[in-house]
Amino acid sequence: MALRTEPFVLNIGPQHPSSHGLFRLEVTLDGEVVTGLELVLGYLHRGIEKLAEGRTYIQNIPLTDRLDYLASMTNNFAYVLAVEKLAGIEVPERTEYLRVIMAELMRISSHLSFIGFLLNELGAYFTPLFYMFREREKILDLFEMVCGQRLTYNYMRIGGVSQDIPEEFLPAVKRFVAEMPRLVDEYEQLLSGNEILLARTKGVGILPRDKAINASASGPVLRASGVKWDIRKVDPYSVYDRFDFEVPVGSVGDVYDRYWVRVSEMRQSVRILEQALKQLPKGEVWTKVPGLLRPLRGEVYGHIEGPKGELGFYLVSDNSIAPYRFHIRPPALLNLTALKDMVVGWKLADAIVIFGSLDTVLGEVDR
Amino acid sequence: MTVTLKGEEVAKKIAHSFPMAIITANQTAIIVTPDSLYQVARFLKATPEFDFDYLTNLTAVDYLDYFEVVYHLTSLKHNHSLVLKTRCYDREKPSVPSVVSLWQGADLQEREVYDLMGITFSGHPNLKRLFLWEGFPGHPLRRDYL
Amino acid sequence: MRFERYGIGIIKGLMVTMKNFLRPPITLQYPEEKLITSRRIRGNELVWQVSKCTGCATCAKSCPQGNIEIVTHLGTENNYVVDKLQVDTGKCMFCGLCVESCPYEALFMGRSYERATYRRRELVLSKEALELSEDRQPSGYFYPRIEVLLPRQTLLLYWDREDGQKLCWFPWRKKANRGRR
Amino acid sequence: MTLIGQFRDWLINFMPEWAAYIVAFLVGVVAIIAFVLVMIIVFIYLERRLIGRFQVRLGPNRCGPEGIFQLIADSIKLLTKEDIVPAKGDFWVHFLAPIVTFAPALMVFAVVPFHKGVVLTDLDVGILYVVAISSISVVGIYMAGWGSNNKYSLIAALRAVAQAISYELPVVMAAVGVILIAGSLSLSKIVEAQTIPFFLLQPLGFFIFLLGSMAEINRSPFDLLEAESEIVTGYNMEYSGMKFGLLYLSEYGHTLAASCIITTLFLGGWQGPLLPPFLWFLIKVLLVFFVFLWVRSTVPRLRVDQLMAFAWKCLLPMALINLLLIGAQVLWFPKALPWGMMVVNFAVAGILILLWSRLFALGGGRVEV
C-alpha cells in the first residue's frame, strides 16, 4: 500500500466509449487507483432553458424530448404536469391512464438500456446490450404506433395527449406485459447470479444513506442507498395513488444495489401497467386548451419520478404566451454530485462502472 | 402526499430567531435577505420540527430589478417541502452565501447558476463555470443577455 | 470475489446465451427488407394539399423552430394565393405541431423516412416539393380517417407469429413471412 | 520420421544436402504460414458471425456469399489507410511492435503436430519451446503501448506485462502435469500418448490451462489490456493501417496457437476415430475456439486486482496441488493410470473447486488515498 507512483492525469472523454455522450472525467491516477476526479461538462449544452423562454408553452414540449433522450415520454409528462399545475387545468381520466401507461413503458425502456450499458461498461462484450435493446425495441415499436416516432415522441399535450391510442395498441401492450416478467427472469439468470458481475459490483462505489440524501441524489440511486423515497408514492401525481406497487429499496448503496433496484422497478412497472390496462376508462383524451396558453402570473414546481430520478420543472409565468423562466431540475446532473466521493480510492475500471451505474444521460445534464 | 408548508407560518416560527432575516413571506414562499440566508438555511436543516435534509432544487430567476435565488427544500422524514428565496439587487456583482456545506447537492447547481446567471456564491469550494467555457462573455440566462 | 455458487452463475449465463444463439436474429437487411412503419409515422417530409390551403399561416406560427416560410397575395376570388411555402427539413424536428394546428386539414406528415441527401440545401423543400402526389402520401398522424386506410405496422413483439416478422437464421427457412413493404 | 524429413530425403536425390535442407524447410514454413493465415481468416470470420449470432443479430454478411470476403475488404481498407506514428511516439519501438507481436504467433506452429508425422520440427523440448516463444509477444504488446506515447496505451502495456507474468506460472504448472503422464516434452509424443484424451485424466489441469490460456491471449473475461470500455482498446489505439492489421492478426494468431496447444495437450491432438486425423485436429481446434467465443459473449470483465488475485491465489495453488497429485499417481500407481485415476482426479478437481469457492476471496477493491 505504501507504494505510490507519480500522479497521472487521464482524460476520460469527451470521446470515450463509456462516456454516455460527450463528457469528460479528468481522473488523477496513482497506478490504477483513482485519487482525484473532476467533471467537465457542457459539450452538449444547447441552452434549452434560454430557448424555452422564447417559445410558447406548447412549443416547448418538443424541446423537453431532447433532455433525456432515453426517456422522452417522462420528460413530456413532467413538463405537461407542471404547466397544468400552473394554469390549473384538469385533464380527462383516460388521459391520466394513458400517461401512466406511457410513463411506465418508458421507465422499463430506460432501465433496459441502463442495464445494457452498465454491462457493456463491465466488459460483457455487447451481448446483454443487444438483448436489452431487443426488448427496448418492442417498446419503441409501441410508441411508434401511438405517436409516429421512436425517440422524440412529443406525445403529451397540455390538457391531454395528442391523439388517442390506435385499436391495435392495447392487445400489443397486453402481450408485452404478459411476456416481460419471463424475459426479466431470463436476464436475471444471465446477469444477477454471474460471479464476475457480483465481484465487480458488490461493495463497489458505496454511496451511504446520509451522503445520498445530502448530495440530493434521487431516483434509483437514492433508493439503492436505502431511502424509501419514490415520488409516485410520497407525492402521488396523476393517478398513481390508484395502483398497488412496491418501492424496491437497496441496502448498501453499491453498484449492485443500483442495478438490482432498477431490475426490481421493471417488475413493479409491469405490475402498474397490468393494473392501468385493466382500469383504463373510455372517453376523451384532451380538454380544450387554447393554443396560446397564457397562465396567470405565478410560479410552480412540478416534479415526477422519472426513470433517472426526480425530474422537476420550475416554471415562472408573467401572463404571457411564453414562460418567463423555465428551469429543469435534471436528476442526472444532481446524481453526478456525489460521483467524486464514490469513485476516489477505486480502480480506473471501477470508476467507469460507478459512473455508468448513475445512468447519466448527457442530454439532460448539459441541457 | 408531500405537504407544502406555507411561507407565512414558517416565517412566524423563524421570526423570533432571526427577526431581521425575513423580507416577506407569502402562501408559497419565504423570502429572506442574502446575509441571513445561510443562518436560516442551517436553522431549517437542523431544527427537528422542519428537518429539511434534502435540497430538491436550486435555481435563480432574473426579474431585471433583482435576482431571486430559489431553494426548494424537502424533508424526507416529515415529507413536507418549503420554498426558500432570497433576493439580490446588485446587477454587477450579485452575491449569495453558498449552502454547499449544508447540502452537498447544491454544489453543481450553484455552479450552474453562477455560470448561466452570474450570481457568485461566496464560500463555494469550487466555483467554476459548469457548462460554458472560462472567458465566455456574459451570462446567458439573464433576461438582458441577447 | 467469492465463487459462492461454485461458478454456477456463470454456467447459467452461458446457457442463456446459448439459448439466444439458437433464437432467430432480430436484425433486418435494410434496403432489401423493410418493415411496415407505423400508420402514424412522422416521416421526414411534410405533405401539403394545395387545394385546401387558405394561406392562413397558422402552421408557420405554431412551428417551434420558426421553420415554415409562407408568402401569400390576395387572389381574385377574395382568397389568398400561396406564392411561397418553404420548409427547411434540415432544421425541422418533425414534432407535428404544424399538422395539428392546421385548421383546414391541408398539411400532413409524410410517410417517407428515406429522404437523406448529401447537401443541406437539398433539404429545403419548396412549394412544389411539398405537394401531395403519388409518391408523397400523407401519414395518418392526427388524421384517423387516413390512418385506417394504411397497412398495419409490423411489430417486433409479434416476431413469432405468422402476421409478424418471422425471421430465422437457417438459410433453408429464410422464406418465412418477413414484414416486407 | 516427419513428413518434412521424408521430403528432404527425397530432395537429396536432386540437389546437395544443404540445399535440400533449406528447400524442404522453406516449403514447410510456407505451408504452415499459409495454414495459419487461412485459419486466422476463418477465425475472424467465425468470430464475427458467431458473436453476431450470440447477440441475436446476423453479423457481417454483405461482402460475398454470407460475408466471407468481409475480412478481405477490411484488409484492403487497412492497406489503403495512412500509416500514422504519434508525433512524440518512439518511432522504432512503435514500428517493431506489431512484428514482435505477430512473429511468435507463427513460430509456435513449428512444433504443433497436425497429423502423425506432419510437424515442421519435432523438437524434443516442444512444450518448453512453446512456452518460451509465446511469452515473447508480451514484449511486443509492451512495445506497442510504450511506443505509442499514449496514456491509455501505457496502462494497457503495464496491465499486459503483469497479466502475462502472472498467468504464465499456472499454465506451465498445468502443462507439467501432462508431461508427467506422457513422459515426454515433445508434442508429437504427447499426442501419441493420449489413447484417452488428457482432459479426462486431469480435468483440473485442463481447467487451469484453459483459463490461463484465455488470460495469456487476452480474451474475455481477461481482456483487460484492450478493455474498450475502460482504456479504449489500449495498446493498439495509436495504430492505423496495416500495423494495426498486424496487431489484429496477431491477436487471432495467438488465439489459434492457444487452441492448437490445448487441442494437442488435452484433447488428443489429431487422434480420433473414423474421420481423417487432420480433420479431427481442425474440429477440435474450432471447438476450443467456440468455447472462447461463447465465454467472450457471456461474461463481463474482471478488474485488474481481481485478475491478479485469481492467478496467484486461485489458479497457482490449484495447479501445484494438481502437479503433486499427478506426480504421485505417475510415481506410485502407474498401472491404475488410465482409468482408475480418472475417477480420483475428477473427484479431487470437484473438491478443490468447492474448497476454493468457499475459502477464496479476492478482497482488495477500495484503497484509502
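As written, the chain order gives the labels A, B, C and D, with residue 1 at the start of each chain.
The rule is simple: a residue touches a chain if its C-beta (ideal position, glycine included) is under 8 Å from a C-beta of that chain, and two chains touch if they have at least 3 such contacts.
Since the model is a prediction, treat every value here as computed from it, not as a measurement.
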Contact network partition after subunit A is left out of the picture | B | C, D
With chain centres defined as mean CA positions, report which chain is farthest from subunit A.
-> D
Most central chain, judged by mean C-alpha position against the global CA mean | A
Between subunit A and subunit D, what's the gap in Å when you average each chain's C-alpha atoms?
-> 44
Approximately how many whole Å separate the CA-defined centres of subunit A and subunit B?
-> 26
Hunt down the residues of subunit A that sit against at least two other chains at once, touch-wise.
-> 127, 131, 134, 190, 194, 196-197, 199
In subunit C, which residues are in touch with two or more of the other chains?
-> 1, 3-5, 7, 10, 13, 16-17, 20, 26
Can you list the subunit B residues in contact with two or more other chains?
-> none
Taking all chains into account, which pairs touch?
-> A-B, A-C, A-D, C-D
Residue ranges of subunit D in contact with subunit A within the complex | 51, 54-57, 151-152, 155, 220-221, 223-224, 227-232, 296-306, 362, 365-369
Note which residues of subunit A are touching subunit D in the complex, please.
-> 1, 8, 10, 16-18, 30, 32-35, 119-127, 130-131, 134, 190, 194, 196-197, 199-200, 203-204, 344-350, 352
Within their complex, state which residues of subunit A touch subunit C.
-> 55, 58-63, 65, 127, 131, 134, 137-138, 141-142, 144-149, 152, 154, 162-163, 166, 168, 172, 175-176, 186-187, 189-191, 193-199, 291
Where on subunit B does subunit A make contact in their complex?
-> 1-2, 28, 53-57, 59, 61-62, 70, 72, 76, 79, 83, 103-109, 112, 116, 129-133, 140-141
Residues of subunit D that touch subunit C when the two form their complex | 50, 52-58, 61, 294-295, 297-299, 302, 306, 309-310, 353-354, 356-358, 360-362
